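Labels for the chains are A, B, C and D, by order of writing; each one numbers its residues from 1.
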Amino acid sequence: MNYIRMSAIVIITYVLISGIAIPIVPQPQGWFEFPVIPGLEEKARNIFFHVPTAWTTVVAFLVSMWYGLRYLRTRNMDDDLKSEASAGLGFMFCVLATITGALWAKFNWGSFWNWDPRETSIFILLLIYGAYFALRSAIEVEETRARLSAVYATLAGLTVPFFIFVLPRIVSGLHPGAKGDPEGAGPVVEFKMSPSMLVVFILGLIGFNLLYVWLLNVRVRTARLEYRRSTPQG
Amino acid sequence: MSGYVLRAWNIVVRLLRDNTMIEFFAQHQLYIVLGVVLLIWAGIVGYLMRLDGRVRKLEESGK
Amino acid sequence: MSVRAQIGAVVVKDVRSEVRNRYAINALVMFVVTAVATILFALRSEQPGPATLAGMYWVVIFFSAMSGLARIFVSEEERGTALTLQLTTSPGILFAGKLAVNTGLTLLLTLSVSALYIVTFPGFVIRSPDIFALTVLLGSIGFSASATILAAIIAKANSRGTLYPVLSFPILIPLLMTVMNATEKALEGAAFIEAVGDMQVLVGYCLIMIAGSFLLFDYVWND
Amino acid sequence: MRSSSVKLDSVSKRFNRRTIFEKVSASVNAPGSLAITGRNGSGKSTLVKILAGVLSATEGKVSLTVDGHEIPRELLYQQVGFVSPYLMLYDEFSAAENIRLLESMRSGRRAADTEIDSLLDMVGLAHRRNDRIGTFSSGMKQRAKYAVALIHRPAMLILDEPTSNLDAEGIAIVRGVAERQSTSGILIVATNDSEEAGWCSQQIPLGIG
């Protein structure tokens, strides 16, 4: 855990410094300069923060679902604590990803929200997290709460393939001539970045996931303490 | 002690008077953003470390 | 086959119960009528295009279904007959029966909303009946597959009425988007080949949701 | 007569982190009977629900064996009859309809009219055969539940507070049912009435201490 903590701090600090400070120039000379991506320019820096948070959101959701399924098998309340903690963090990262995405969209596409496929999927992820917590707060018996929220998380997880494979096609069908500049997002989505950017980008992915692991660890431990404290003795 | 403070003050005054610092940041506004972001990040890390330590203490006292 | 007879008995029981009590039907009918009337007031003499009509068509179905489909498990829980059911059938048989009843109810709902739309909106002309029929059929099956297991979850929670649409919406979005897309094509008179992709998505959704709910229902139903 | 036996192997139940009961063990071989006694809130109803496969135990194991085969939990309903005041029948159906519908849900078979009539006759409801359960008094509802619980000749009959809401005639009927079940199969009675507990050859007290 100590290694995870230290590497999360080091990597994210590095990503912050290099992601913000490395100048973007037309002809990059080495690792300390980024090339200009047409249509993105300085806005390209968002890649290093937005994409990792969005990625972590999905990871957190899958972890939550995994522990939910494990609860159904083991009926061990500790698995439910983990599932809930991961969902809470996922929600936080989801909000961050939505805000960074919306800010970027404002300056790149002209408005905060365009219902582009990716924006739609993150919106739905927010809804799923919201529904998950609404369900949890509506059930008083903790065994039932753990059971039903695990089932709901799994049901929601079953729809994920549809968002990944189906949504982009359908939404562009629903919104012909949608505003925006598909060229701008192209190089990012298809990982056609210059090596100097790719390094920072991948470090960003790793760093934010390590941060998530650390946060999850702290949250699960506090949840365990709380659980133990409220358990009647004897 | 007061000698150091005085010397630092003099440097700041000179930087401001000659406009070197202001010019530098006027050309590279990104560094201000970087400074702010790093400050926030340091705050978050510090808070998390403290929280982590407190939780560990509680865990140990519970055993 | 004993299993088929058992599932049939669940269906018979629910249908007969519905005929005597009209828990769901009355709510559904009133909801559909009010929703369509509100849309008509809002539009006055405007004539919306196929995309808007297809969207509004499924919006009415979604919200009416949300007002009625949860009854199938909530009523058992409220009357205390859930325990009786637990003592009389296995979860799989019960779920199959309830799913069949809800699918029937949803089909009835889509058919009556279609009829109402055809009568009240001059622009709602089904130019590709093949696409429309298949969309409505697959849409209803997928709809009720998700709605039935969510109803079972809701029945065990407090604040049931408000929670149901909240839980269903994210899970139904892929389905809603696809059926809206396909319905739009049906209203525009597209050839069937153009909607094949949508149909594949719908079939996939139905299969995944039905299989998933069958596997998960045990955990919802039994403590 | 089928050979059957039920076994409770150190069964515990916790609920919202509260222990209801801990390490309860017992076993009954057919023909035989077991009374579960204890104060209100000692977990009698919880234990019989675990026996019926409706609730799961937090720890321990419950197994019902019929003709040498252990019945999996999802098929327990075919072997168990259950009567209790908190069990509800469908108000909108008549007594005969309730029996027929529930039996066809259970086994897929259509119960013969004669079968239903003889059961209703036994519990003294023959004259109200076609009246809706919703119009019944609570004692009559309790009687109807016996008919529903016996139609499939269960290997294990579970009675939770068997005589609640019943008059003297009803109690006599129930005593007859209990006697027949304990000489042909397994009878489980959960009660805090010492007379009812006396119908059974074994007793386990819950919630001591």
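Going forward, contacts are C-beta pairs under 8 Å (C-beta built on N, C-alpha and C of every residue); 3 or more make two chains touch, one makes a residue touch a chain.
Model, not experiment: these values are computed from the prediction.
Of all the chains, the one whose CA centre sits at the greatest distance from that of subunit C is B.
When the C-beta pairs in contact are tallied for A-B and for A-D, the bigger tally goes to A-B. We define each chain's centre as the mean of its Cα atoms; on that basis subunit A and subunit B are separated by 28 Å.
Chain centres here are Cα means. That of subunit B falls 58 Å from that of subunit C. With each centre defined as the average position of its C-alpha atoms, the distance from subunit A to subunit D rounds to 52 Å. The distance from the centre of subunit B to the centre of subunit D, each centre being the mean of the chain's C-alpha atoms, comes to 72 Å. The set of subunit B residues touching two or more other chains is empty.
Multi-chain contact residues, meaning those touching two or more other chains, occur in subunit D at positions 56. Contact of a single residue of subunit C with at least two other chains is seen at positions 223.
Shown are all chain pairs that touch, namely A-B, A-C, A-D, C-D. Those residues of subunit A lying in contact with subunit B across their complex are 5, 9, 12-13, 16-17, 20-21, 214-215, 218, 221-222, 225, 228. Interface of subunit B with subunit A (complex): residues 30-31, 33-34, 37-38, 41, 45, 48-49, 51-52, 55, 58-59, 62. Those residues of subunit A that touch subunit D in the shared complex are 75, 140-143, 230-232. If you check the complex, the residues on subunit C that touch subunit A are 51, 146, 149-150, 153, 156-159, 163, 166-167, 169-171, 173-174, 177-178, 180-181, 197-198, 201, 204-205, 208-209, 212-213, 216, 219-220, 223. Residues 72, 124, 127-128, 130-131, 134-135, 138-140, 143-144, 147-148, 150-152, 154-156, 158-159, 161-163, 166-167, 169-171, 173-174 of subunit A touch subunit C in their complex.
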